[in-house]
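Naming follows writing order (A, B, C, D, E, F, G and H), and every chain is counted from residue 1.
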Amino acid sequence: MKSFLTILTAALTIVSGVCARNHAVPFERLDKNDTLLLVLDLQVGLYNLARDWDPTLYYNNLIAHAALGQLFDLPVVLTTSAQQGPNGPLPKEILEMYPDAPLIERQGEVDAWDNAEFRKAVRDAGKSQIIVAGITTDVCTTFLALSLRAEGYSVWANVEASGTTTELIRDVSNMRMEAAGVKLVSLFSIVCDLMRDWRNTPGSKEVLPWLNQYYPIYGMVARGHAAAINNGTIIPGEGGLV
Amino acid sequence: MKSFLTILTAALTIVSGVCARNHAVPFERLDKNDTLLLVLDLQVGLYNLARDWDPTLYYNNLIAHAALGQLFDLPVVLTTSAQQGPNGPLPKEILEMYPDAPLIERQGEVDAWDNAEFRKAVRDAGKSQIIVAGITTDVCTTFLALSLRAEGYSVWANVEASGTTTELIRDVSNMRMEAAGVKLVSLFSIVCDLMRDWRNTPGSKEVLPWLNQYYPIYGMVARGHAAAINNGTIIPGEGGLV
Amino acid sequence: MKSFLTILTAALTIVSGVCARNHAVPFERLDKNDTLLLVLDLQVGLYNLARDWDPTLYYNNLIAHAALGQLFDLPVVLTTSAQQGPNGPLPKEILEMYPDAPLIERQGEVDAWDNAEFRKAVRDAGKSQIIVAGITTDVCTTFLALSLRAEGYSVWANVEASGTTTELIRDVSNMRMEAAGVKLVSLFSIVCDLMRDWRNTPGSKEVLPWLNQYYPIYGMVARGHAAAINNGTIIPGEGGLV
Amino acid sequence: MKSFLTILTAALTIVSGVCARNHAVPFERLDKNDTLLLVLDLQVGLYNLARDWDPTLYYNNLIAHAALGQLFDLPVVLTTSAQQGPNGPLPKEILEMYPDAPLIERQGEVDAWDNAEFRKAVRDAGKSQIIVAGITTDVCTTFLALSLRAEGYSVWANVEASGTTTELIRDVSNMRMEAAGVKLVSLFSIVCDLMRDWRNTPGSKEVLPWLNQYYPIYGMVARGHAAAINNGTIIPGEGGLV
Amino acid sequence: MKSFLTILTAALTIVSGVCARNHAVPFERLDKNDTLLLVLDLQVGLYNLARDWDPTLYYNNLIAHAALGQLFDLPVVLTTSAQQGPNGPLPKEILEMYPDAPLIERQGEVDAWDNAEFRKAVRDAGKSQIIVAGITTDVCTTFLALSLRAEGYSVWANVEASGTTTELIRDVSNMRMEAAGVKLVSLFSIVCDLMRDWRNTPGSKEVLPWLNQYYPIYGMVARGHAAAINNGTIIPGEGGLV
Amino acid sequence: MKSFLTILTAALTIVSGVCARNHAVPFERLDKNDTLLLVLDLQVGLYNLARDWDPTLYYNNLIAHAALGQLFDLPVVLTTSAQQGPNGPLPKEILEMYPDAPLIERQGEVDAWDNAEFRKAVRDAGKSQIIVAGITTDVCTTFLALSLRAEGYSVWANVEASGTTTELIRDVSNMRMEAAGVKLVSLFSIVCDLMRDWRNTPGSKEVLPWLNQYYPIYGMVARGHAAAINNGTIIPGEGGLV
Amino acid sequence: MKSFLTILTAALTIVSGVCARNHAVPFERLDKNDTLLLVLDLQVGLYNLARDWDPTLYYNNLIAHAALGQLFDLPVVLTTSAQQGPNGPLPKEILEMYPDAPLIERQGEVDAWDNAEFRKAVRDAGKSQIIVAGITTDVCTTFLALSLRAEGYSVWANVEASGTTTELIRDVSNMRMEAAGVKLVSLFSIVCDLMRDWRNTPGSKEVLPWLNQYYPIYGMVARGHAAAINNGTIIPGEGGLV
Amino acid sequence: MKSFLTILTAALTIVSGVCARNHAVPFERLDKNDTLLLVLDLQVGLYNLARDWDPTLYYNNLIAHAALGQLFDLPVVLTTSAQQGPNGPLPKEILEMYPDAPLIERQGEVDAWDNAEFRKAVRDAGKSQIIVAGITTDVCTTFLALSLRAEGYSVWANVEASGTTTELIRDVSNMRMEAAGVKLVSLFSIVCDLMRDWRNTPGSKEVLPWLNQYYPIYGMVARGHAAAINNGTIIPGEGGLV
């Protein structure tokens, strides 16, 4: 068995190389036909716990997260935690986006995966890639993301739409998810990965007006560009710049 | 004249006391019947220079600034700087708010007060209190605010709706305006000062829905409150808290 | 009148010196017999708007503010804004501290000074120095502080017990109050100014246990000191340090 | 052996996949019947070294850490380092919480695991999951957490209750622990994981009053909710928000 | 004299109003025909003390400061402190900009105004408005700025081109200068104030190419604008944005 | 098979050790003969989205990134995304650096690797080590870096030359790349790794003048050193310092 | 009296101009023959309250503050607050610097000026300019600085040697002192102001070795300069830089 | 071979568990008999590139790093990079600590491991654990640390004694080292790991006076403790605190 051990040792050197990461590493991309969007406990009471964000910005971010389903015609599952209690209901603008989506009102389970109705809704969607954001990051998002990873789902955490009490807690929660293979991604990254090509209209809506609304930095650059084409004139000294 | 000098010296001691600020100091409040709202160079190209803000947040802040006129039925003057050039036009959602307001397209004057048409528009409004925000804070906002102070207007700078390249520049510009008597105020401060009393409907719109849209932190607290009244139930252990 | 003008000019040079601040400037100190403590809109709903603080820390700070009255036997006036609405009631631990203090429930006035009952309560206290903290800093605290300054009261703003949505708003609001002669002070500064001498027991309570509870950094240093005296032993190498 | 090598290579490709994290990853949850709480060197002298926290906040956090045992009836082991020396004793409020818990006064061992009495106390508790926090993060917490991981224990580091001299040291220490499989978690995450369901009363105390005391942000949202149900009235404009 | 006292008291009430800043306040603008540019101790050795800036950024800022003279044909005075010693010489690119400008090599005076040759150079320029930046902010810039203010010059401190060891020192030094009437301004503010109108070519150079080099954020917006006019095409969904 | 399992278990213990990182780990260094430089979407419109950097600094950083090819005579591939649209063209100073390099104008593909022409250009370069930077970090840089890792390329991400909207997004994107084995490196690190020895002139240019231009902190230290040798004199008290 | 009023009004316009600060403002400089150095409550127990500084840095700063007296042969007064209590004694290295200086051990007075012995020691020094630093900034430093200002002393607060619990408290305390005419200055500013000219040896010690010890950033630049002169050689490419 | 695959799969599940980190992980501790201390390029010229630290603090940190050898009688190897050039020599206080230690003056090699003399000095020391710090973190420290890891050494990077131009570069460099198994540790962590027990005198010096000098936060707590034992008296209200 000595030579076997030698081979194993050699193999483990390769593993070591893998850990040192000099090796091809698969790149999993979002496929809009295999993606489910979760709106997890983005409730009006819990919103007050999202202190790692400017409150106006965070409001926009959580609505934008929910609106991803509209842009790409993704299936959506909504869930809340004890919504008659202090946590409160979902914002009605989210409810109005998806009047037909399952809304699982958990009576007490912290980890949504502990709720059978929720598990069923997720499984019924039949997708392997799941986008998620919730309040709080350290509890609702982390517990569900880790539960989904334990089930073998690929999980994309929209880091701009989860919130918690401090930046330290956000960071260690994100590290914890990342260590379990959760992808930590931005809203723009999700949009671009699902869209793939700027020439596509990947769902029933055009991408640019959606970005203009939910990612206004891009909208503003586009507006400046369109205005220049429509009405722009070269100003003195500008001619030589490009 | 000796005793006169004595009196003067005594008086100057009082002045010294004033500077030491142990003395009544007048408090000027916003009066919605004496207030003009300025939308100054909040242009889609200049928006890119507002780096002291998260770009999504700043977009919301500049729209909210413009919307103050709608809430309190204030007269509004719009102005732009060289809008066919890189600075670009105003966002169309602002133009659509005030189709009848004067829009002064300055061809080159940096300080809006250097433009006769703009001066006329401001003077025609006939108000003594002016709310302003612009891009950039150090140039457009500061130059106009100081020009208005030199004319004897009271000026309220909405610090959440001006933007510039760095926080240092923002801070020294704010200090410079403050030293000339400009009031540095928040959006919420402007709303509350114009409203005076939560029981008022100071213009043609209700305040709370407006806040819900532009100051969502208050909207969210209100939603939680309304939801509790409508559908809330006391959860275990909650009874003794209040 | 020429020589008069000369004298005036000379005098104004002195004023200029005053502004350059090379001159004695009076120092007003808190006098526990002339001080009123205000608890202004520190309501459980408004607490959610105090985003410039860690939420656990801010909770402690607002309770500590209220407890200043107990330590120095100060008269206290409590007031709330529209407390049946989203702003909510005061924390009950504050109410229980001062069962006999006036509690002015304003139905709508944003600036507490606009409420006649509140004005009466403040005037009835008969003090010239007022300590205040409220939520939000830019609205409740600033409006009342400026109103009190306009009445000629001396005002101490406890900067650790007011809260608002962002640090920028906190800073410009503090600057605005400071420009009107409001003293911006810390909890520890208020305690030490009212106490004057560590040998005093300025009210009915001892200072050190109070600090141990509300300013634990001092309490911890004191505990280490007391433990060293009671049970401490010099460890190797420690002998030469002092 | 060639085909064996092939299999191994294939297997290592799977390992590579695991490292790329496209694979189910187990999620270990806290089980209140298998959990031990450690209070490690949270001494009044060492408290002065916890400079990565506001001192008032950190005081609250370390008391809250200790109080976890009361909420879930967890076994608790207390230990101190050279407590007659500068490090000082534990705060008496912690000692009073657990008069019957083992208190191991280490005379000199930095790593608590080097002390036989401490090892015995931990082993006697018979649990496999250990929650820990100490001062300093880089020394006391890290050394013990890594020692426990080397013994095969699961370790949850309450990142809100350890402290050290700088944020950089905190961060690299947390990274070091995380690389050894220590879970970096918040107080709220520990509570929710042990509680599992909001309908549970997992120990002899109710969860909500405990949260109200040690995690006041949640307590305040709950108070607002309860107050709305008890005494709330819908204010103008609020009706349409939910 | 009683009525005189009454008048004085009334007058002092007006002064109080001035301090409360409800009064017209003069606005002094930069006049390119009355402005002198100072390059003060921006030496290659002292550069290492400018720790309140990213070093690459600060290098660009100090070169941009020097280049203001080229854009507006301003007179320039250069000075150094003990340049054979550790402080080192000026960067040669600055020397090459102004081969004919006075370069005062102070052998030891910290405050440049203590050097007779420097005072002469400044006075010979015959301007009343002086733009200055130096290293360090707290010593070279502050001492000279205050000396110039004591002489009655108007002083504009380019806050982006002075540097010192910490942000705290920068801030208190800026406050100290501001209290003596020094204007704290940005590079862009100086350019726009001297230029007055975008249609001007205020010196021998065009403004836009200068901005493109030294204030690239504006250059980039202008390049995007010019490119859109030259080669741009409206992309799908963009049409409706403006 | 039992003993085989034993060996495997022993082997896995070694793997565990590898993960615990007590084992030799290969160190891959940049080889200038095996390196390709990518300029990815550093376009004048997209530049406005790079909000995690001071805009002046970032401009310098992206030009410095492009200039790496000149210093080490590296092959360079340029690519743009939809450059007639809002994203705009590359800065002309980059185009002028490499008039003969392939410039792949992608019409719509977000991930450059999805474009066949780009893939061909990269493969034709025939290098195994790729240096990359792009806008935005979370989309352009991350997607391409992960695609290249999936192809088995070694990837060095120049973290100073990618930009995105927030620091949080930058950090999670960097973590995501790092987890796939992408090396996160600084400009100076790339230069020093390619140079290997300060005595080398690794391409057709000298390193020090290049650093003086693009990494001025080093240039300034070198200038001070050269000036001291050329013209320096020891000042009083300096003699004893070294 | 009408014309008198006219003159007064004109005069007040000048005052207004003074406040607008377009006027010469005196610049008071430190005179080493008229300066007293105060070491105020820099006690080993209070040191633990100085949380606005890295603790190692702050230790160096407080020792450097004390050492100013040695460099410039300034008179020094030392004072402590209740030093047998938790506040503890002064560091012995400070006591050893000034064995003959008055050391006023206040038994209880918070504001040192309340202690007759301390007042006598300050007055006996016979200086009009006082440099001060203490712990905490908001209490010890502020109270004494304001008391000294009320007596007409000029006060220089060394902002690097006072400490307190948070940066917010530091900032508002500094603002409060600044409003009373206290100069907020850095260590380097104090040294340079007292020294006036680099060619001076203003006391019995040379300045450069002192700076090397207490302001090492300058020492390091000087060491590099001296080493270059002593042993330096121009490296390839360096020749053209200066 | 099917069952073999089954076993392998099972084994890989264990590996997966290892990655999920639910498994014992070895804890390597520093052994003072097996440790070598490296002082790497901590040169007076390079010091100017260490911008991620306050300069006074960083000076103290790099001296403290060097002094570790004195406390624990560790072998020390010193090395410099091109020290006649801009990088400059080591501080003489470090050279004086170790007059007999090897000092390897590299003429050009960036990575110290590329220098044969340095490799020999390290190997001759005969230790397997190496503590290192250098300037810059991203180049000198990272390259050597990774080279040492490739040789199988255990490496402890003292994160407080390396420096570089920005915090971002520091962080990604630390992540890069951590991924290769480098331990990122604080000064205090190194001291405590080498000391093991507070009762030890691990080298020829006592630990506490060393800490008092290089880690003054602990020294100050110890001084307060010793002073309390020597001269302390319980103050009013203190008795009940412990």
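By our rule, a residue touches a chain if its C-beta (ideal position, glycine included) is under 8 Å from a C-beta of that chain, and two chains touch if they have at least 3 such contacts.
Please read these numbers as outputs of a predicted model, since none were measured by experiment.
In terms of C-beta pairs in contact, the better-connected of the chain pairs E-G and E-F is E-G.
For A-C, the matching interface among the pairs A-D, E-H or F-G, defined by over half of the contact pairs being the same residue numbers, is E-H. Most remote chain with respect to chain E, judged by CA-atom centres, is D. Each chain's centre was taken as the mean of its CA atoms, and the one lying most distant from chain C is F. Separation between the centroids of chain A and chain G, computed from CA atoms only, is 52 Å.
Centre-to-centre, using mean CA coordinates, chain C is 45 Å away from chain H. Separating the CA-averaged centres of chain A and chain H is a span of 39 Å.
Inter-chain centre distance (chain A to chain B, centres taken as mean C-alpha positions): 35 Å. Within chain A, residues 4, 8, 15, 19-21, 23-26, 44-45, 48, 51, 54-56, 82, 85-86, 88-89, 165, 175, 179-180, 198-199, 217, 219-228, 232-233, 235, 238, 241-242 each touch two or more of the remaining chains. Across the complex, chain A meets chain E through its residues 198-199, 201, 206-209, 212, 219, 221-230, 232-242. Residue ranges on chain E touching chain H, taken from their complex, read 48-49, 51, 54-55, 165-166.
Those residues of chain H whose C-beta lies close enough to touch chain F in the complex are 3-4, 7-8, 11, 14-15, 18-19, 21, 23-26, 28, 44-46, 48-49, 51, 81-82, 85-89, 92, 107-111, 114, 136, 138-139, 142-143, 146-147, 149-152, 154, 164-165, 168-169, 172-173, 175-176, 179-181. On chain B, the positions that touch chain A within their shared complex are 44-45, 47-48, 54-57, 59-61, 82, 84-86, 88-89, 91, 215-217, 219-221, 223-224, 227-228, 231-233, 235, 238. Taken together, the chain H residues at the contact with chain D in this complex read 1, 4-5, 8-9, 12, 15-17, 19-27, 29, 159-160, 174-175, 178, 183-186, 188-189, 192-193, 195-200, 217-218, 220-222, 224-226, 241-242.
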